Structure formats: C-alpha cells, structure tokens
C-alpha cells in the first residue's frame, strides 16, 4: 500500500537539504543566467524570482520518461512521486538524461522574459542566490510543516537581501509568494508576474501573424484570476488570439500534476484538454512551465507567452 | 398622448437622408438578405425535385442543417414550404403555395 | 460500513487543518463530475465522510486524496462555495499529521 | 332585492335564424385530435347555419374580432363557439356578444376539448365534434334574447376566521370603506400564526405580525368582531346571504391551553399573548344567536398542524419525540446561555425530520387515523424547520442539529438563504427516500442520549447511518381545519386533498363554485403567513369590487312558468330542490283565479327538476327549454350534415 | 383622464404581464381608471409565450388571452405598449411617470393588422418570439395573439426599401417616427415588471450557447406551443424528432458561483410539466430530469410530480456539472450518480433543456426611489402583513418583480397589490 507519508517525508528531506525537491544543488541545473548577461541592482529594482520551475522541466521530463516504463510494474506505487526524486534513482545521471535541446528551450524562455522586461523599461535584477524553489509542492501534498519551514527560509533570505518587489515567471511560484507566504507566515512582498509589467493597452491592428489559442494555467486563471493580463499584452502587440472551450477562471487542467500520480491518468486528462485546444485550430500559447511541457508532450504546437511576446517585440524594431 | 406629432409629408429627399444616415447598417442587412435569398433559392430548388428531410436538404444545398431547418421553419410560417410525412426520425418537406395575399388574420386557415 | 455512528467531533478536529467550509456543501455532485479525475464520487465522497465524521473511512482511503491535481475547478464551480479542493488539501494535512503522529 | 332589467335589446332575432359557428383549434388542444376544417364544413350544412369559421385561438383578440365583425355586419345573429369547456370561456364569449351590441344569451357553447379532443382520437373524434357542434347550432337557432337578473348587494362582508388571512381580508375591506363582520370560532384572533414565536424566513415575531393586524382590525370602525362564534345557519345567494351565528363559551382542550397561555402571559384584552393570540373581549357566559346579512362572504377558516399517529417516528412512544410547533413552545420557555435545556434535560443532539404528514404516497405510506393520505406538500415546513435549526445553532451552539429530509423546499424569497445559513451553522443533513423514513428507537447505549435515529442515507451512497439524539423534532405538515358543517351548509366544493376548492387556480383563484363566497389563506392550500395574507388581499379585492358596485348580475337560466298551461298541480313545488324558489300563489290568470306556480328567480338554481315533473309542460328553464333540447337531440342523431346529402 | 397638466389615472400599472393585467382588472372593476405601461409591443408578458401551464395543463393562451382581451376592452383601462418608464417621482401627493413611447414606425391608429406589410418585407430576422428557431420579417405583428394587433418595424434590420409602405392599405407606415416623451399622473402605482431568464451564455460549464441542441426552458415552451416554430418538437440542430431529452435543473439558480444564491422557484415545476407534455407529444422518448431538490410546493404540485414519475419520467438526483457536444448533434451530460455504486456518469441526450434561473425584469435604479433586495428584486417592507408594500408610499409590487414566482402566486399577489392600491386611493378620497 502506497504510503504518502514516506514519499512526502523524503521530499521534505530533499527540500531541507538542497532547498528544492529534486535533491540536487541548484547550481547543477539553474544555469540559464550565465548566458543572460550581467544584472546590476539599482535601488528600487525588483527581483526576478523564477522559483526554479522552468529550469527543472527538462530534468523532470527525463525522470518521467523512465518512470513511464515502470508504471504497472512492481513498486510503481512507491515510485509515483519518484519524478521529484531523481537523485534517488541510482545510476541515472540527470544531466545525461535531460535533453540538451530541452534545456536550451526552457532556458531560452527565461532569456526572453529578461529581454521583454528590459524592453519594457522595468527596473529589475537577478541573483541566483536569492532565487529559490518556492516550496509549493510540499504545500500541495499536505506537508504544511515542511512548506512553512522552507518558505520561512526563502522569505528570510529575501528579506535579508532587502527584497521588497518580486517579479515572478510562473503561476505556481506566484501563488506561493503572493497568497501562501502572507497567509502562513505573515510575510508579504509586492509580487507580480512579469507580463503585468509589459506596457500597452487597447487593441492594435493585427500583426499579420496567425491567431493563437490561449491555454490558461489553473493557478493564473482560477486561483489568481490573472488571465486578463496575458490577453492584454497580446492585444496591445496586435497578436490575434482565440478563446478555447474552458478558459480563464474555468480553464481545464492540462493534467501535468497527474504525472506524479499516474502517467496513464496524465495522458487521459491531457488528451481531453488537447482536444479542446485543437478545436481552436490555432497554435497554442501558455504561460506555465508545467502546462508547456505537458502540452508539448501531446504534440500540440505550443509556445510560451514569453517566446511569443519576445518575437513580437523583436519584429517591431 | 398616443396621438403622434403630425409628421410633415416626407418626400423622397427625406427618405434619401434617412438612407444615407443608416448606410452602413443597410449595407450589412442587404448583404445578409442576399445570402438569405441564395439559401432560400437553393432550398426551393432542391425541393423542386421532391420531398426532402433537413439532413437531405443540407446535403443537397451544402448548407449546415441548423440553417436549413431555420429557413424551412421560416418558409413554412409563410406557407412557402409544407410539412410532409415522416421518414425515420425526420419529417419531409415540400414546396407549398406562397401566401402573398392573405386577407384573413387566421393562421389556422 | 454497517450502522456507522455519526461522529460530529471529527468536523471540529478538521478545523485545525483548515477545513472550515466543507459543511456548506449540499451534495449536488458538481465537484465529483467536474473533477478531471472522473473518479467514483471523488471529491464529494471525502466531503461527505467529513460531514458524518467517518474518520476511519478517510484514513482507509487516504491514497485517493493524493490523486487530486489541486486544479481548483471544483472550488471554482461549487454552487455553495464550500471549497471542495481546499477540503482535499486539508484532509491531506490531516492524514499526514495522523501518520506522523503514529 | 332581485329584479329583472327591462329587455332592451334591439330586436328579436329574425324569423329564420342566422347562426354563425366558430370552431377553435385551441392551439393544438383540439386541432391535434379533431379535423377542425371538416367540422366547419359539416357545420355549414346544418340548417340555420350561415357561416362557419375556424381560428387557432377563438378566445384571442383576433378570434373575438371575427365574431364581432360577423355580428355587426348582420351576417349572423346567433353564435356558437366550439372550443374548451364553457366554465373557462362561456363568459368571455358572452362579453363578445355584448361588445358587438347583441344579446349575450343568443350564444351557445360546444365543448370540443374536454368532451372530444382530450378523450377521443381519429375520425371518431371529428365525427363527435361535428355532432356536438350541430346540436349546439340547432339549439342556437332556438335561442331567445334573455336579460341577466340584477341583484342588489347587501353592503356588508362577513369574514369567517380570525387568523392572519381573515384579519387581513377584514382590514382590507374595512380600509376600502366596506362594513365587515369578522366571525371567529375561538376566543382569540391570530389563528395558527399566533402559535408561533417567530416566522420564517424573515424572523418577524408572531407578536409583531398578529399584533399589528389584530390591532388595526379592532381599531377600525368598519369592523365588528365576534369571537367565540360559529356560523350555524346559512341561506341566500350572492348579494344577499343570511347567516346565523352562535356565540357561546368555548369548549375543547386547545382553547383551554390558549386561555392558560393568556393568563400566564399576564396580557390583557386586546394584547397579543404568546401562543394564544389576541383576545378582544370577554368570553360570553351563555350562548346567544346573532343574525347577519351579507353581500359577500370570505372564508378564512385556516389550517391545523398535522398530528402524528402514535408511534409515527416514535411519537407518543418516547417523550423525547415532539412536533415542531410543540418544540417551538419548549424553545420559547428555554433559558439563554449557550446550552439548551428543555424540561430539565440537556439537549446536545437534536434531529429534525421533514415531511411528517406530508407527501404521503399511496401504497408506501400508512393512512392516517381518519383514513386519509396527505399526498400534498405542506409548503411551509422546510423553511420552518431550517429556521428552527438556525435558531438552535445560533443561540445554543453546543446543541448539534441533524436534519433528515426528502427534498429541501426552500422555494421562497429569503428561504434558500435559510438553508445556506443552516449549513454554515453546521447543521448536518441526511436524505431519505419515500418509504425509507428514518427509524426512531431507543438508544442501546445507556450512557448516550435516549434515542437512536437510523437512516439509509442517500447522500452517503445509501449507507446505513445511525445517530444518537436527545430530541427528535417532527416538521409536521398542514391540514385544513375541520369545517364539514360549513361545507355542508354552503355546498362549497372540497378537493381530494380536503382543502377548499377554487373554481380555477388561475382564472378564478379565490372564487368558489358558490357565487359570492371567496377563499382566503390556508383553507384553500398550505401557505405561509405572508402568502396567506396575500391570498386574503386577493379575496378581498374581488369582494370589494362586488360591494363597491352595489349590484351583481346573474345568469337568467331559471325556471319560467307558462301560466297559460299551469294548472297549479304543485308537482313542481314538491320537486324543487331550492327552498323557496317555487311556490304556489293565488293569482288571476285570464280572468280565472287559482293557485299557480311562481318562481323566485334569484333562488332558483336552474336545475330543471320542476320541468321534469310538470304534467302540463308548463315549466321550462330559460335557455334550456325542452324545445331546445329536442332540437339538439334531433341534430345529434341526424347524419345528413355529416355526409353532405343536403 | 381628468383635468390637470398631465393625463391622470387613478393607478399606473407598470408591466402588462399576467400580474399587471390581473392587478389592472381588479382595480378597473372597482371603477378606478388604470394605465398599463408595457415595454414590449404587446401585453401578455411571459405567460402568453408559454405552452401549457402546471399543474392543470391548461393551455396558457386560453387563460392569458381572455385576460388580455378583457383588459384591452375595459372602459377603465388604457393600455400603452412599447413604452418605457423613464422616471417615477412624487409631486404634490401624486405620482408622476415620465414615459417614452418607442417608435413602432407604424401608426397604431392607422394599422389594421392585415399583415400585408409583413408578407412584402424581404428581410428575414431570427424571431425571438420563437426562441430564434424561425425567422420573422423586419416589419411584423409580434405574434398571432398579440394585443394590440399592430405591426412594428425593427429599424436595425430595415433597409428602407419602401415595400411595406407601398403595401399598406391605410398608409400606416412612417419611417420617420421618433421616440416621444410624455408624462402621466397617478394616485398609486403597481410594479409588475416580472422577470427575465438568465442568459444561456452565462454558464461556462453548460457551453454558453455554443452547443447545438442545448436550449433554454423558454425555447422549449416555444417548441411545445401550438404556434411554435416547427409546430412540433424537433431538435433545432437538424430537425430530428428527439427521442432522448434531458432537463437540467438549477442551471443558474442556487448557485453562488453564478452569483445567484436564491431558488428560482418555478423551474422544477415547469420542467416536470414540459417532461409530461413531451411524454404526450413523443410517447417513446426517454425523459430525464437532473435535479437537486424537486420543489413541488404549491397546490396540486406534489401530486403532479408524482404523476410525472408514474408516467416514467426519470428523475436523477444530482446537478449536471458539464455539457459537451457529442456526435451528430448529441449532447453529453456529466453528472455524479449518487446511488450506491454510482459515481461520475456520462449520459448522452438528443436535446438538453436548461432550467435557467430567473433574474429581475427591471431595475429601478435611476428611475425611481424603489430599493431592491440582495437578490436585486424589488424590496418589500412588510412581507408578512402586507406583502406587496414597497418602501415608497402608494407604490405596490406584484408577481415576479418581487422575486421569482409562479403564475398562481403572481395572480394572488396581483390581487393583493390591487387591494392595497385601492385602499390607498380610498384613504386619499
């Protein structure tokens, strides 16, 4: 019988030791900033806080591929959450398994975000030693204690560095920092996702490109009710978009989180969402690393919002 | 209070002015009307060959079935199409005599 | 569960885990049918167990709680705003705490 | 008194009748089963018929206009409409005749809906329709102009029942300038609403609601109130009812309880005493009779709570099982301070059961002691039960509330909010199916609460749950008060549910089959206080229209004596069913003195019993003469018009 | 109408639906003069658009048309259709109503209702009176039972081709009509502004009007009505005679996620009624009602519900959570079967009827000082002792204007409001 306690305890231990659930030191996979140019911090600048989500996707995918082969076999139950435990999968060098192209792709999204923020004239900086995993998985799994302990560490570190304003890049980290940190620790920062800083309001005539279909991640669409922001950005750039069945507050889950429960379930939920997206007959744009990775798996033409926005801005001048 | 303010006899000029003021809307409606005309024509031509059901009419005219049904219902109201016998789960329709000059306000007639 | 005795103290116990709106549920079943898991009576089953204080049932079927994707659709569509998704998170906390105590 | 208006119609119909037949499709109601076009065609072949038309809705304005045009143009002078039942639209079409300037009684109605399309199909339906239309047309050809009977109206209303509805009706009419007599059986005003402490969903106190209504009624100079009074004699007709009211010292346990509640409360006359009501005056020491005359009567005789059978949910088997009204009394006497203590017992767990004495299903539920099943929903108990649940949870948070229901019916404004609030208040709900009612028994655990409630809970996937309870409260339904004597005297129809029956729920919702007698409140159907008061207003407004006009017009379908034939045999007087409608009177006819039959038209019911027995064929009912019947029968059996062999 | 700067009536009735007409008739019968102001081009309200009514299954027209005719012919009643109340204020003890007569573009005095214009008009427009399922012309008489039987032009769809004007035997068409403002004085007012149905577009999970063969209950009324768009029950998607029809209760009522907490009160019974009528019209069809609680609370309602069950209508406890288009016009319904061994189920139906909730038909804000409750319906101040009293002296409310209500209850309230109004007028005499 699968015992959630064992898994969670293991994850919590990982988080305690390495400050992320993967059980590896961040410097092994948080490498994107090295190619992003230098960051200087001016007074009043906001911290770009990635929460390490985009960076981890190629590694999670690698682990999932291994796990998929194991599903249904003995011990599968125990391995449900294994994708977060790559270090425990002995003999599998992460870096070897993770595809180079994927790493490049996901790091590239973070680079796009930086470019977009620069272009938008936003005062921000980045520092790998201030950027941590948010702890959201522990919260999701019910380990309130573990979550609070980790979050306290992250928040303390941020406060120590005098951070007040935070720019986030993914919905899960945004939710943790914006809603959970104040709720559980009474610590609050000024937290906003990067797209809220892109200026522009009102419609622009079409940029000539084909329309895109918007897939809202659950945390932005529903929990944070932030689905209008990306749309505003697209409109102001003249990028036409269409709405799919179930969007905004009523968006359908991509099935990503089910990967940890069962790849089969994940595939079923993903297939349902993919069908809804396909019906729009347009390339998909989304703004969550988990959604992105998952929809890519379904073979859909999908891009991150940052990639689309970056391209539009580049086309402009 | 139901007495309307007396309108001065509006001439052709007035109608022109009104038409000019509503130009865009009239153009849009006229466009739609032409589409409607084509659809009605297609449906009637198809029915000229005999009684058909809505899916059969849709196949014959290339129009979506929902639209075909809408025209059939509308034309039926004005007597231009009549309902025939049932074929499976569908009813057949045939051409009727248009009611151009109906004097009695009796829809039962 | 033959002739199970309704135990209301359980609802009180759950409050410590942040479960405080579940009793507002009127058992319409929207959450179960809207849930992308399409799994039995889930999550209403868990809500109902919380209502009647079927503590053991929840512990027995604890693994089901971890199927939840935390996508929040049930909470958003709940006609009574009883927060079924939040209840599942709360029950995870309860089960984990129970396991850690054991 | 009643007198005939002088005939003023323009002319007698021309010697050859010109009958117009108008056949209604009634949407598809008739048209779906009857070939209306064919009926028209066949009608045109009936002698005397000059025109037959059909219309989708004859009763609609365009339909009516068809008839008016034909009458005005002189095309037709007698009209047959073949449509739904005459009870629905005969009056409508008579009005059409009037608007066309024709005599309203040159009109005949054929019922093709209830008598044909709702019961027959196919060619037989069309044939029967044609025969009925032909018969009506033949009768129409024989019709003569009649004038309605005009009856002066006694300028007074009698309202029977002093509950919320009766008080409101009385007050409405009085404030509208009419004289009102309010007759109440008990010593108290306020009825069942006075038996409550607070009213769902708004929480108004009975003291406020009943206090306000009773005070206004008692203060109004136009109202006379008779408490401890019952109607013991009734005669008359709309405009001129005569009532005998007996005022006497009250009897019965219920009154004794209420009198005790009054003395406990220390309230004086005219003041609202909780669980008693307002006693406006002293109790009579001996019986006396009062004669009343009235133009109209409003019945507001109200309801009583259902009393569970012994053993129903443990009622009377366990002292811990009470009805909701009983619980409300206990609650009013309970102290404050967080813990609910009733009769010295701490109540930690309270179970509420819905639908007790309501929604009973033949074959599933047991009949009540008087042999009835209450198949109806009592409408008010869900909100009342949830209101009580909230009250308990909010005032005594340590008392847990469990609610057993079939369907929660919080339909009204502010009621769903009661349900939501009960859930927020952490009442726990259980749902049972009809026939699988919760079982109330003794708790085997001697340390626990005394009762154990077991239920197969639909909400928990049909699992059997059991629940220890200190108190079980039964949300009992409403039953009409026993007014068999009034019903018998007034001959008012009663429905299968034993509530008084209106003529039509939408067209004539507060009228009874007896003209001039109106229904207000819960004598008609279960209602809450606000709804009963609204219904009372609806009854009052109909009564007000009659009283303010000062007269009513009645159909002249009454017996008429042909004095040239009458021999004074008196068989008609013996046969007459309405007291005083026919009598033998000394008179002079054609120079000969003798006893002859005379009709009092306002008392005559038009039953025709006299016509049937008269050896000389000297009595006929106007509008339904033997000659007219003969013409109808002749046409019904003829086949000529059916086959077009004319 | 008496002297004074404005035409004066004893009572102004706002709304010419069943409640407004009943109130007007009750007042007129007491010899009070009444003006009925109706925003639509015809009186009759929602009821005239229904098929048959519960629990007696009388045809709705048979009850509404005589009341409409009686009101329109009553010497004490003036009916003003296509009129919008702008403001209702109090001045020197009278109520003053500023009203806008919307242009019909056809003279009400001259039009004889012959429909020649309608036959001539070349423009087809979806006919809202038929649930949009059939077309009408840009100039038309609203429907065959309308009162008054007068044509009107819908200017958004008129191309000013002049054919109707040419066809009109009485020269009634006037393309140049403008809205006209006028003022009435009245001693009392009855607000009977009724309800509107929640828009089909509102509920995301039910497809927002994008799933073929998902229709509203009012559309089903049209399919069942004798004057309906198809004269029989067919699927609007392709004209198929449906053999599997479902009703979804509480579609927008008792649903805080939709912002409507209250129960819409009539939906259970109209769904039961429609199911019963369908089992008559389509004896072989499967009929399913998805519900939370069947609220058959009125006189004869529970027995009506039991009859429907006995007739084989399938009642399923549980709120349908999600609708999806299926193959070939089918509609997939996802719900939780609450039975033992139940769970999430996916059912397919030919046609799905949403029992949508009721919203207020009129908002007094900015027009008069009437206040509304948390449910946005007109607030009453004495729900137990004078249920039709509003916060404004001399202004009374009847029917669904003060919360969802069925016909029987609306009629009772209309009588009560008329009674209160006549008391008010009498006290001023």
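Residue numbering begins at 1 within each chain, and the chains themselves are lettered A, B, C, D and E in the order written.
Methods note: a residue touches a chain if its C-beta (ideal position, glycine included) is under 8 Å from a C-beta of that chain, and two chains touch if they have at least 3 such contacts.
Keep in mind that this is a model prediction, so the values were computed, not measured.
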{"item": "Both-way neighbours, i.e. chains that touch chain D and touch chain B", "value": "E"}
{"item": "Between chain A and chain D, the fewest steps along chains that touch one another", "value": "2"}
{"item": "Length of the shortest touching-chain route, chain C through to chain E", "value": "1"}
{"item": "Most remote chain, CA-based centroid, reference being chain A", "value": "D"}
{"item": "Pair sharing more residue contacts (C-beta pairs) when B-E is set against A-E", "value": "B-E"}
{"item": "Innermost chain, where centres are averages of C-alpha coordinates", "value": "E"}
{"item": "For chain B paired with chain C, centre-to-centre distance based on mean C-alpha positions, whole Å", "value": "57"}
{"item": "Gap in Å, rounded to a whole number, between the CA centres of chain D and chain C", "value": "50"}
{"item": "Intercentroid distance (Cα basis), chain E paired with chain D, Å", "value": "27"}
{"item": "Overlap residues in chain D, where contacts from two or more other chains coincide", "value": "25, 31, 56, 62, 408, 420, 459, 461, 463"}
{"item": "Set of chain B residues in contact with two or more other chains", "value": "105, 107"}
{"item": "Per-residue multi-chain contacts in chain C, two or more chains", "value": "26-27, 41, 76-77, 80"}
{"item": "Residues of chain E defined as touching chain D within the complex", "value": "26, 29-31, 51, 53, 55-56, 58-59, 61-63, 65-66, 68-70, 72-73, 113, 144-145, 147-149, 225-227, 231, 254, 261-263, 265, 293-303, 306, 317, 338-342, 373, 375, 377, 383-388, 402-403, 407-409, 411-420, 422-423, 426-427"}
{"item": "Chain C-touching residues of chain A, taken from the complex the two chains share", "value": "1-5, 8, 80, 139-144, 218-219, 222-223, 249-250, 252-253, 255-258, 261, 265, 269, 272"}
{"item": "Of all residues in chain A, those that touch chain E in their complex", "value": "245-246, 249-250"}
{"item": "Contact set on chain C toward chain D in their complex", "value": "1-6, 8, 11, 23-27, 41, 45, 48, 51-52, 54, 80, 82"}
{"item": "Chain B partner contacts - residues on chain E that touch it in the complex", "value": "7, 80, 101, 107-109, 113-116, 119, 122-124, 126, 130, 133-136, 138, 144, 149, 155-160, 162, 174-178, 180, 182, 184, 212, 227, 229-232, 234, 236-241, 243"}
